[in-house]
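Structure provided below as structure tokens; questions to follow.
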Amino acid sequence: MTEAATNLAHPQAASAGLFSRIAAGSVFPVVSILAGLVIVWYVFAVILNGPFQRDLDRRAGETPGFVEFVGKTWSQPKPTLPAPHQVAANFFENTFLRKVTSNRSLVYHAWVTLSSTLLGFAFGTALGILIAVGIVHFTSLDRSLMPWIIASQTIPILAIAPMVVVVFAAIGITGVIPKALISTYLSFFPVAVGMVKGLRSPELMHLDLMHTYNASASQTFWKLRVPASVPFLFASMKVAVAASLVGAIVAELPTGAVAGIGAKLLSGSYYSQTIDIWAALVAGSVVAILLVTVVGIVGNIVERSMGGRPA
Amino acid sequence: MEFLERASLQPAQQTVVEARKLGLTFQTGDGPVQALSDVDLTIKKGEFVSFIGPSGCGKTTFLRVIADLEKPTSGTISINGMTPEQARQARAYGYVFQAAALYPWRTIERNIALPLEIMGISGVDQKARIKRTMELVNLSGFEKKFPWQLSGGMQQRASIARALAFDADLLLMDEPFGALDEIVRDHLNEQLLELWKRTNKTICFVTHSIPEAVYLSTRIVVMSPRPGRVTDVIESTLPHERPLDIRESPEFLAIAARVRDGLRAGHSYD
Amino acid sequence: MEFLERASLQPAQQTVVEARKLGLTFQTGDGPVQALSDVDLTIKKGEFVSFIGPSGCGKTTFLRVIADLEKPTSGTISINGMTPEQARQARAYGYVFQAAALYPWRTIERNIALPLEIMGISGVDQKARIKRTMELVNLSGFEKKFPWQLSGGMQQRASIARALAFDADLLLMDEPFGALDEIVRDHLNEQLLELWKRTNKTICFVTHSIPEAVYLSTRIVVMSPRPGRVTDVIESTLPHERPLDIRESPEFLAIAARVRDGLRAGHSYD
Amino acid sequence: MSGLKLSWQAGLALLFCVAAAIMLPLAGAAAPYSGGTTALIFVLVAGAALASALPVPNLISAAILFVGAHGAAWLLIAGITGNEGTARTSFFLLIIAGWLLAWRCVTVLSVLRPVDRLANTLLRLLIPVIFGAWILILWEAITRGAGIPFVLLPPPSAIGVRLANSLPILWADVNQTIFKSVVAGYILGCGAGFATAILADRVPFLRRGLLPIGNMVSALPIIGVAPILVMWFGFDWPSKAAVVVVMTFFPMLVNTVAGLAASGHMERDLMRTYASSYWQTLFKLRLPAAAPFIFNALKINSTLAMIGAIVAEFFGTPVVGMGFRISTEVGRMNIDMVWAEIAVAALAGSVFYGAIALVERAVTFWHPSVRGG
Amino acid sequence: ADKVTLQLKWVTQSQFAGYYVAKDKGFYEEEGLDVDIKPGGPDIAPEQVIAGGGADVIVDWMGGALAAREKGVPLVNIAQPFKKAGMELVCPKDGPIKTEADFKGHTLGVWFFGNEYPFYAWMNKLGLPTEGGKDGVTVLKQSFDVQPLIQKQADCISVMTYNEYWQLIDAGFKPEDLTVFNYTEMGNDLLEDGLYALGDKLKDPAFEEKMVKFVRASMKGWKYATENPDEAAGIVVENGGQDENHQKRMMGEVAKLIDNADGKLIPAAYERTAAALLAQKIITKEPEGAFTTVITDKAIK
């Protein structure tokens, strides 16, 4: 309450220390919530790994005490649910102890995935905006295209990803482009839907004003619709960047799983290396947080430069 | 100034707005609302016409029809001999809305620049016009503020400045001075009269203040509600030259009394 | 009515608003704006205080401070002996904003019901109050309309009805009648005076109309801008009983002249 | 208006016609088209293009275009069927000319504003149908004309036949995937995202702690999560529903958070003056104001849920379900069955999305985007 | 050098060691070939890749290849390096299944995506319905790994002798804890990894010549790999295979399936495979010209 009030009274003063305050303000909650999750995680590790451990012990004819049993469930080589410290050790080892160019380095794989994610996200955002612009301006597009765009999104990506990769390989396109296209396919939709809403969100009075100036469609677009759509755009872009990452990872599977977080996940599951899978998942999540946070920060900067009033 | 020449070239009696049996009915979920009915009105070039009438009688709606923001459901209307749509496309008018309608993401200065940008006016010229109109409405010093950092009256003045910044021949003003105190209001009234006389603009002006209507207008249109229609049109017999103290003259008071009677009559229909 | 009893129970001289050296500075991207400085003011229970002053002088800001929507940056203020926050939480006041602020997804009727719902007033009672206040502001028949289907003045009246629907002892009204014509305005002025006398409410009223201020108030606070401060406080010597034609009386005109001078002085600081 | 007014589509179509005439024949070796058929095709295309330039009412013009474009397409495709892979440039030029005419037809139709409600609804349906029909016609013409291997991309006609012949299997799959996994997962996932957003909004501590963790969930790639969830929730639909929960959670979270910030300052101040409680403000102001954002998420999620449930079935299922069928039939080279499933998924997804869009119109009727902006 | 693209059926692992060794040791180069080896993955159908022109030759199982033939992809087996099948069904000893007679009413994990034919052929032979219920077996589409057994979601699961079997061992099962149904030993095996090219392309003598060279070099690679399993596994790991130990073990097991690395198709095995597929209506008519011995005859003298 007090904080909100000071914000009202001193938006400038509040924003000066914003970064440091966010850093100071959210580290503790994040850490404590994470700590809670880790505890739950350990408990689940015992529950989920327990039955198999019991089978093992039975076959080996051992009857360990509770503490020993719990310890064993936390140190299986291929657990159903690896314990946090197992994942952490693996993650640490593969992130910091390997040369970043080595194909065992998670940094390397994350980078491979990130590059096609970013490319796909850029394409996807551009395409989504383009489609939204078309739909908002041409009734014929709104009526004819929209239903098919929706239908296109219900095509299970994993079913067509291999075909896309095959078709592109057949015409000699390999590498990052096919992967990026699958990211594009997944990311353009949230942007398109959000932007259609956003571009239609200006108040009628504001549109009327443009009307009185006999502003052209493009002037109304740039000077009114675009600024009004900004909150929708950034909310959509956060979803899109996450979808884009998922798309890039999916697309890594049919390319033979050579490099990328998807490849790590696949080879991990192929060899039942659950710890590797989890480490790769953690890497994917870290990349996701970074991407979503960057989009969020850009959004804040844009909104601030547009005279956004501190909440 | 360029306006002087233009004014003298045109015959004073040219028709700017011509409404014949104009009617407009809104369809609402709750049944139709007849906002205008059988409105007949002719406005000549260079006139200053005030619209006065009880709240909800269709003043805003009538201005919106002239501005091609609303399509009449019966009757005809022409602007400068064109359809409202053609007139709008010719950027024939400037409109001050009843609410300020400033864009929250633009500073005051950029808000005033908006129509200038759209009409393709050069950067230098833009600057000059912004400065001039902001001075006119007493907002100098607030160029870089955002709308929410301004008081209600200041926002309204910014919206007036925005409409004045590009010199349209026809001005549609919907209660532009509603949120201003008497002193500023008097000042702006004088400024507006001055501008009008100098440039021979045609002005359609909605107000709730009887003295204001009488002081400014060459003609006062009194409207009454449900359905909105014109009940009286009062020609002002006041001279063109109007010092502020003309408002104490008996002639002025007589006109004001007639307007008040008209207004009261409108209310009795309620 | 219940209000009458309550009014007679309380000593007339109880302090409602007490501001001491109140100051408020807004920090904007463009440097600080001093909206209020050194405001000293005491408002007693049952007073009708009007605030008048040039656009941007801090009238709205002062009401917002009372309402705990803005925190002063210097000085102190107390409401009924409490902090503004406590007073707000005790639902000590009703506020009519300068703009209507109706919710677009609610019909007019539901908009007026909003505070009643929040304060947990029973359905039957709600209906009765809605009917009564909608009649008071002459909006009967528009219950089921949505805000965007109403004219500007009708929206403003709806927002007044919303504030009157729950009987707060302190009313903060920010130019409530700005968008209304003289006739409706006179009518509502009378209604408000009537309500005030009957219920012994305390009313803080921002207006730009000098006659309105003089007609309604027991005290008129004249403010001047940059930085916003109180330049004059005029006690009304008019009797409690005020027919509309009291506005032609010499006493009335004298007070009005004094207010106008104060206002003009404020402007000269510009 | 009098005189001819040739649209760019019709003009281009005429040009393509001329080019096609120069490059005859339509197809190689087997020569499936008689002289008469060939002439008829040209008459249809060129005739419709020219007729559309006549100053006739829009409805008639659209009808002529409709007949010309679809008649020509039908003749062309009927001829190439059984002679796959023999089409020459001329064939493709004419198909494209037909497509341009159909485009023109849609453009003419979309400016029509019938007063009749029924006619209006029909028109609103007809336009996307024509558009979609041409996706299928082009697909059919290209796969048959260029002789694209069946295992790579079967023509839509073959998919249609397969679909019609496999209705019981498709129904069983839809039942498993949509009515069990998607519906359960969608409700839980959207609910969880929404609840988290509210929780984060209510408790500042959680806001700062949960939102970053919510972002983390956003990228839990389905490929990594699906096997794990199958491990935890078993082979049957609950694990698929769990995948859908994970996929739909984040969009709902982000949009709800954005929506909760969308109410205006004055509107919030009003609530403050009533000393309205957190929940009162939430229900009476902030949620209604957030509704456009929330519906945004519901729409995006409707398609995400479909993808999620289908893909999750790639990672272990009982032998029923759309994802199971797709991955199995790819292995068996029954690509037509794969596309039949995809078609069903697309249809179901569109219906799902459409239903949400209808509810949105009803609930957020007040928003400028619905009132008509 | 002549370019040849080879599409594998699965990710890089010792299952395909021969090809990687041939490339690494320069056997292809000696034949004047420039071979590009494309790893596969889940849901990459090599039949589709070759139909789309993305490969000249693919590694495929015969069931998938014959099914694709009926769909208009004229695949022809040009060599059969794997003489025996590596697939088996394993069940924990302490579970309900000890013999074929125990299957009724239990749940079995099966790989799909074209790998399900041997299983269905077997059940067909046993006369067990696969729609579940008390008198049949319930089939689960099994994922990449051996979790269903560990989790007890299935009573038996499919494994390859050279791969998943060892994952069970790694997970703590001992060989004596497991009941194994080996398809080859039961005589239910269908031919696994063979090399397939498009029939119409093979009509071109130049392409045929290229394939002869390719098969010759590949079999040389297989020979080398079976003789030097550890080095071969190393080469596989260099090319992207995961887990060196696992690859070494895999190489050892794969070697047992290769026999003498001549790549010749045994007609009897082919007949049995075709008959089993016909019996299950996976293919509808007796395949003709689905294999050729010309290439191996020319390649390996």
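Order as written gives the chain letters A, B, C, D and E; numbering starts at 1 within each chain.
Throughout what follows, a residue touches a chain if its C-beta (ideal position, glycine included) is under 8 Å from a C-beta of that chain, and two chains touch if they have at least 3 such contacts.
Each chain and its UniProt protein: A, D = ABC transporter permease; B, C = ABC transporter ATP-binding protein.
Because the structure is predicted, anything quoted here is derived from the model rather than measured.
Both chain A (ABC transporter permease) and chain E are touched by D. The fewest steps needed to get from chain C to chain E, moving only between touching chains, is 2.
Across the assembly, the chain pair joined by the most C-beta contact pairs is A-D.
Ranked by distance of CA centroids from chain B, the top chain is E. Inter-chain centre distance (chain D (ABC transporter permease) to chain E, centres taken as mean C-alpha positions): 39 Å. Separation between the centroids of chain A (ABC transporter permease) and chain B, computed from CA atoms only, is 53 Å.
Measuring from the averaged C-alpha position of chain A (ABC transporter permease) to that of chain D (ABC transporter permease) gives a distance of 23 Å.
Each chain gets one centre point, the mean of its Cα atoms, and the points for chain B and chain D (ABC transporter permease) are 49 Å apart. Each of residues 80, 158-159, 162-163, 166-167, 203-204, 253, 266, 269, 309 in chain A (ABC transporter permease) touches at least two other chains.
Chain contacts: chain B has residues 99, 148 touching two or more partner chains. Annotation for chain D (ABC transporter permease): residues 152, 227, 231, 265, 314, 327, 330, 367, 371 touch two or more other chains.
Across the complex, chain E meets chain D (ABC transporter permease) through its residues 42-43, 45, 47-48, 51-52, 64, 67-68, 70-73, 112-116, 130, 138-145, 147-148, 151, 153, 282.
Chain D (ABC transporter permease) makes touch with chain C in their complex at residues 264, 266-267, 269-277, 280, 284-285, 288, 291, 364-367, 371. On chain D (ABC transporter permease), the positions that touch chain E within their shared complex are 149-152, 227, 230-231, 234-235, 313-319, 324, 327-328, 330-335. Contact residues on chain A (ABC transporter permease) toward chain D (ABC transporter permease) in their complex (touch as defined above): 25-26, 29-30, 32-34, 37, 48, 80-81, 139-140, 143-148, 150-160, 162-163, 166-167, 189-190, 193-194, 197, 200-204, 207, 231-232, 234-236, 238-239, 242-243, 245-246, 249-250, 253, 261-262, 265-266, 269, 277, 280-281, 284-285, 287-289, 291-293, 309, 311. The part of chain E that touches chain A (ABC transporter permease) in the complex is made up of residues 8, 11-12, 38-45, 48-49, 52-54, 94, 143-147, 150-152, 167, 170-174, 177, 240, 242-243, 246.
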